[in-house]
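Each structure below is given as structure tokens.
There are two complexes below, and they share chain A, which is joined by chain B in the first and by chain C in the second.
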Partner chain A sequence: MKLLTITLKDTLTRFRDVRALLYMLVAPLAIGLIMGAAFGGQNDGSSPIYAIPLAVVNADTGDLGQTFVDILTKIEVDTAEGKQSLFAVTPYADAEAARAAVERGEADGALILPPDFSAALKNANAPRARLDIYTDPTLRIPPVIIRSVTERLALGFQSAALGARLAAEQITTAVQADPALQTALADLPQAIAEAEADFAAEQPRIRLQRQTLGGGKSFNVLGYFMPSMAIFFLMFAVFHGMRSILEEEKKGTLPRLLTTPTRPAEILAGKIGGTLLTGLLQMAVLVLVSALLFGVHWGNPWGVALLSFATVAGAAGLGAFLAAFARDDNQAGIIGTFVALVFGILGGNFIMLQNVPVWLDLLSKATLNRWALDGFTALALDNAPLHAVLPHIAILLALGAAFFALALLGFRRRFTR
Partner chain B sequence: MKLLTITLTYLKQTFSSRSVLIFSVLMPMIFTAVLGIAMEGMGPPDEPPRWTLLLSDEDRSPQSAALRRQLEANPSLELVAAPAADIPARVENGDAPAGLVIPAGFGAALQHGRPADLRFYRAARHLLDAQAVEAAVGTAVGTLEGIRNTAAVAQRVADRLAIPPVSPAEAFAQAAALWEARAPLEIHAAAVTRLKGTEIPIGTAQSSPGMLVMFVLFVTFGGGSTLLVERERDTLRRLLVMPLGKATLIGGKLLGIFLSALVQMSIMVLFGAALGVNWGQAPAALAAMLLAYGFAATALGILIAVVARTAAQADGLSTVTVLVLSALGGAWWPIEIVPPWMQTLAKALPTYWGMQGFQDIIVRGLGLRAVLPEAGVLAAFGVVFLAVGLWRFRWE
Partner chain C sequence: MQTQPLLTAHNLHKHYGRVHAVRGVSFHIAAGEIYSLLGPNGAGKTTTIGMLTTLLRPDEGDATIAGFSVTRQPQRVKEIIGVVPQEIALYDDLSARENLRFWGRMVGLRGADLAKRADEALELAELRDRAKDKVATFSGGMKRRLNIAVGLLHRPRILFLDEPTVGIDPQSRRRILDTVKELNRGGLTVLYTTHYMEEAQELSHRIGIIDYGQLIAEGTLDELITQTGVGERIVLTLEAPPADFAPNDLAQMEGVQRLHAEGDTLTFEVDDANGRLPALLLHLQGLGLTVRRIELQEPNLEAVFLHLTGRALRE
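Moving on, here comes the complex of A and B:
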């Protein structure tokens, strides 16, 4: 009965504290939403990047340069906002001005077509023409797209030019073998022009059949970021709950409580109960609010419930352990915040840890956050059934139990002092 | 003189606190390093970004071999052979952003002028990366198609002139040779940077300025909340009884917060430089940016002391505000990846201008003149925040 009283009192205190609510509920929802919005454009199977600002200098003295720029300007991609131009092309007078635009960040890249562009394509003996592409070094994706698309277009121009040359070579060889074919040489330019015209009207032969996997309506990036932020901020709340026992020690309310006919074990159990209940309520509110307001799909409800409990228990165990061996509540607060932040970054709560070195992955797996997050994302993103997350639940509970056992040793020393 | 005493007292109190050292020095270092690694920065610094492409060649024809060669030649791609049947599941699991299957019959179809299909799988979870891979695959496909088209044009000319044709296989080989030896165009691509050498560590070039921009706000917001602590403990009123003047009192405090921010940012710059970030090439530009960002951050710290009523409130509010400002301003991830409306929104935040200015220095390799607009915007933010903060601050 006393246990229940302490549990309820601690839980109510937390939920009446505006600052605690800011941490427990407002922060995870707000930051989870920002993360979802930041990465959200990537989840509907369309191309997330379009209207890439591109500075173009066409110094070509022939006519092919302008054709090249026209085609580049007309390329479209499917986006969440419908069909959009891939590039937003701005003409520039010279290479220096275009480079400067990239340097100032006004364009993601610049394309320079040289004066001999047409000549190199039309004349077999002309030297190679050099196209220059300049890209913004602060960007990762647009430079690759600018380079690849420009290259692909240049390849198209090149294949026509080389086709004519190959034809000329083959015919020369044929004529050498059979001089009777000599008459055909006179018609060669005409035949090449016709073949190129036919070829220009042709559709590309190689078709890339594209399929986006793991997408569709069920995939929502919030399914990653909401659990991430819930776990991250849960740590703070739960650590604070376990630390409150030290606060009571400092304020003298704990010794006073001990003079009443309440056993130390009851007090401790009540504190743990309050922390567990607070953590569970926090998770429940976050899950419900994010599901109802933002449409986050959390997955199998039993899995979510059990995993939430295991996460809260694991975090509470760790919090109790930190509190039991800290000098005072102040030190416990500093260490707790430190652990929560480091576990957050290592556990993947801020950034997905993929393709990282093995040592970092191992370090990540040493955190409660990682096991909890792996479990929640399996449920939310992969629609995993309950049994798939049982290992995660077991590990979290085992870690929690181990930390609690150690914490009890520490508290026993403290209370019997 | 009295102002300096207040400043020095503040600095002494701040830097003798173990928790300040842990949270404003050690913590940002850990975040910088882990985020840097996670954003694949710490590999060989001049290596371009590389993406894994799962590849299955079920065709094994000269055409598919030519396509494979083109893909292998692309430095952005790392090819990993996989059975065709496994590729969709592996892409779906997120093993790789994309996969490509060259089905049996691809080469024959191409040779006989029929449409030839390739199967390209991309992961919804890594769509940005997949878009980059797709562009790279497109280039390889474009080259292969170019070779085929070259052969086809020659074939057509031969047909028109009634010249005995060479075999399709030979025509393809000739065209491929021509492409390799006598291509009329060459493309050079380079990043526009004035850095000496090409060393731009992708991960830490984001995380080093990013964590600097974020964690200095904790320092200045903490400074702002010390004003509230002093008000709550009544020391502020006691100080005012002394012959000090409000201006000296607040001036000394502000200078202390500003200097502690500069110290903290300088440590972060040194740590970033140790990780290979090019912080050192334009000292004047760096100084201008640190002063301007430090000023804006300090003024923002005062503003928090105005918005919050108690120190406890300020602490809670600070954490949320710092995290939100950092995330929206591009301190956590490259701003290029967020939707256009979020990029526009970012421009209203000092964190965005801080990131832009610092990246001008460490990635674009620019000097003082180039960062003056960013520094100017930050200074303007600072003036506005400070004016509002001083106007609204309640002493009692």
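Moving on, here comes the complex of A and C:
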């Protein structure tokens, strides 16, 4: 079967090329590890973050401030050693001392609860209370966690307090409208106080559920950066694979192939097959090596396999499209490198895209990299099941098919002389 | 030699944009014949071969090989032709044997037959002891020999050799020419393109001279000499001729049929080289010119080409 012969020849020659191996396998593993280490702070990248040193100043004159601190202290995450506290909370007397602790590196962040914290939550007419958070600018992940957890916790307190006030107002209105119940009015302050006490008592349970990162799972830094680098360098490898059609044209092996009794469609299919097989083997090696040597958790194996195939197919389609319409292999190389870099940056292979502007988020979704990365991070970080990444797979395959269709038009024009 | 035409090209035309690269080329090659297409670079040799090997579609005209049309039955044509392109069309990262096995599969060979043919090809290319080495490690001559061996794997009825000796050392060139002759003695028909006259002269049963996309003459060497009427040649190299020296006056001398002057070299086409040489030398001495080198040439392809085009082939 000639198609298979061409596919295997292309795969063999690619894996014999030392330079190709460098950017296919060595570079993504090395850079993924470096980025994981750089952005992981104190975390080793393969185990969950816990016991984040947090300096807390509770200046609240009421009782809710202490509840807030208690909840922070009780948040737990799953680790290899069992459940561990997410924060190692150290109380400080004042904001100055807490900030100094951060500057000295004794704490990754400081949280300052103001004196009017409880009053602002209980009284609708009181000015809004302000929580101050200070974080170590040299760290990446812990500050994100501190800000995220604190904001969510504060939002929960605000919602609960508002709910309590509304309930009280509704009870008061109902009692005033019904003289038979007015006798109960005298008991209302006590009832509200009890409700608030219950609310405070309920908080740890409710917030514990909300405040664990990633829906209760560990945050794996390499689970983000390994797929990122795998996708980024896969683009280069796959683009190069499709560009090899033009290299063969220049070198004379493609014209020679066309003089053999082998149909042009078979030759093209063989070249595409070689690129797909090379890309799949590249992904397989990256997944296995990073999992076995560095403990990277990639998630659902079927999801990883199908998403890898879809990513390779999408990239091969784009690579074929670029090759089909490029003037020659040099131009295809320049354009391919540019596209791979831009897609890598836009697609989130170098920066996390959680807090980017809406327009950038939309632009990012025009790239193969983004859909692939969203799928891989869903599998790796959220332990998403296969069906959760089927939309990503479908979009990648659809994009690949569209690019292939356009590429065929270009190749038909190119090789019909 | 058999006389039945194996290849017939009829009125082939090919344009590249506004360039009319091949202009109505027609010729035939008999089975068992070595036919050389001789012409300078850019004359249209490779484009003609491209059309005959189905790589390029003629804008006009057609060709048949063993009765199969290159435009209407390209797949059948591909099964019976062997092509050795001008480029080293091999995979550098594969070994010699791996290349042969790959190309063998592309021409439909399988299993034991493929292995046997690959061994034969290695023998022919004299690369048996380097079979496992990557092509990237080979010399230019070794690559050229392997390039030819690939074209012979499926024992084609006609072999197209497009400038197979470009850029290699004399020893490798000698080997290749001997190989082509040996293959032809075994019955292989060969279409050989070159811009080296001595190769065409040595190898060919018949020669077609192509220039500016047109076949301007065709026949055996003797036929070409007769057709063009070229005579013997006296080639004189002068010792520092003066700037005002006007060589065209020498063309009027008795017995001189044609004169070609290039730099300090004068090429006289004469009816009798030995008889005219003394008079020429005396005349030049009379003009105060010193002759540094004298060469007498029998009528050859170079003279034919010069006669037909007015310029030397290497121009």
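In the analysis below, the second predicted complex is superposed on the first by the 240 of 417 C-alpha atoms of A that agree within 3 Å, B and C clash if a C-alpha of one lies under 4 Å from a C-alpha of the other, contacts with A are read in each partner's own complex, and residues count from 1 in each chain.
Operating definition for what follows: contacts are C-beta pairs under 8 Å (C-beta built on N, C-alpha and C of every residue); 3 or more make two chains touch, one makes a residue touch a chain.
Note that the structure is predicted; figures quoted are calculated from it, not measured.
In the superposed pair of complexes, A:K9 makes contact with chain C only, with no contact to chain B. Residue contacts after overlaying the shared chain place A:A402 against neither chain B nor chain C. Contacts of A:Q158 after superposition: chain B is touched, whereas chain C is not reached.
Look at A:A291: by the touch rule set out above, it reaches neither chain B nor chain C.
For chain A, the partner with contacts to more residues, out of chain B and chain C, is B. Of the two partner chains, chain C is the only one that A:P255 touches; chain B does not reach it.
In the superposition on chain A, A:A95 makes contact with neither chain B nor chain C. In the superposition on chain A, none of the residues of chain A is touched both by chain B in one structure and by chain C in the other. Residues of chain C touching chain A in their complex: 53-57, 75, 78-79, 81, 83, 85-91, 93-94, 102-103, 105-108, 150. Of all residues in chain B, those touching chain A in their complex are 18-19, 22-23, 27, 30-31, 34-35, 37-40, 49, 76, 88, 91-94, 109-110, 113-125, 127-128, 130-132, 134-139, 141-154, 156-158, 160-164, 166, 171, 174-175, 178-179, 182-194, 200, 202, 205, 312-313, 315-317, 319-320, 323-324, 327-328, 332-334, 336-339, 342, 356, 359, 363-364, 366, 370. Looking at the complex, you find that chain A touches chain C at residues 2, 5, 9, 12-13, 16-17, 251-253, 255-263, 416-417. Of all residues in chain A, only 18-20, 22-23, 26-27, 30-31, 34-35, 37-43, 45, 47-49, 99, 102-105, 110, 117, 120-121, 124, 126, 128-145, 147-152, 154-167, 169-171, 174, 178, 181, 184, 187-188, 191-192, 194-196, 198-199, 203-216, 219, 334, 337-338, 341-342, 345-346, 350-357, 360, 381 touch chain B in the complex they form.
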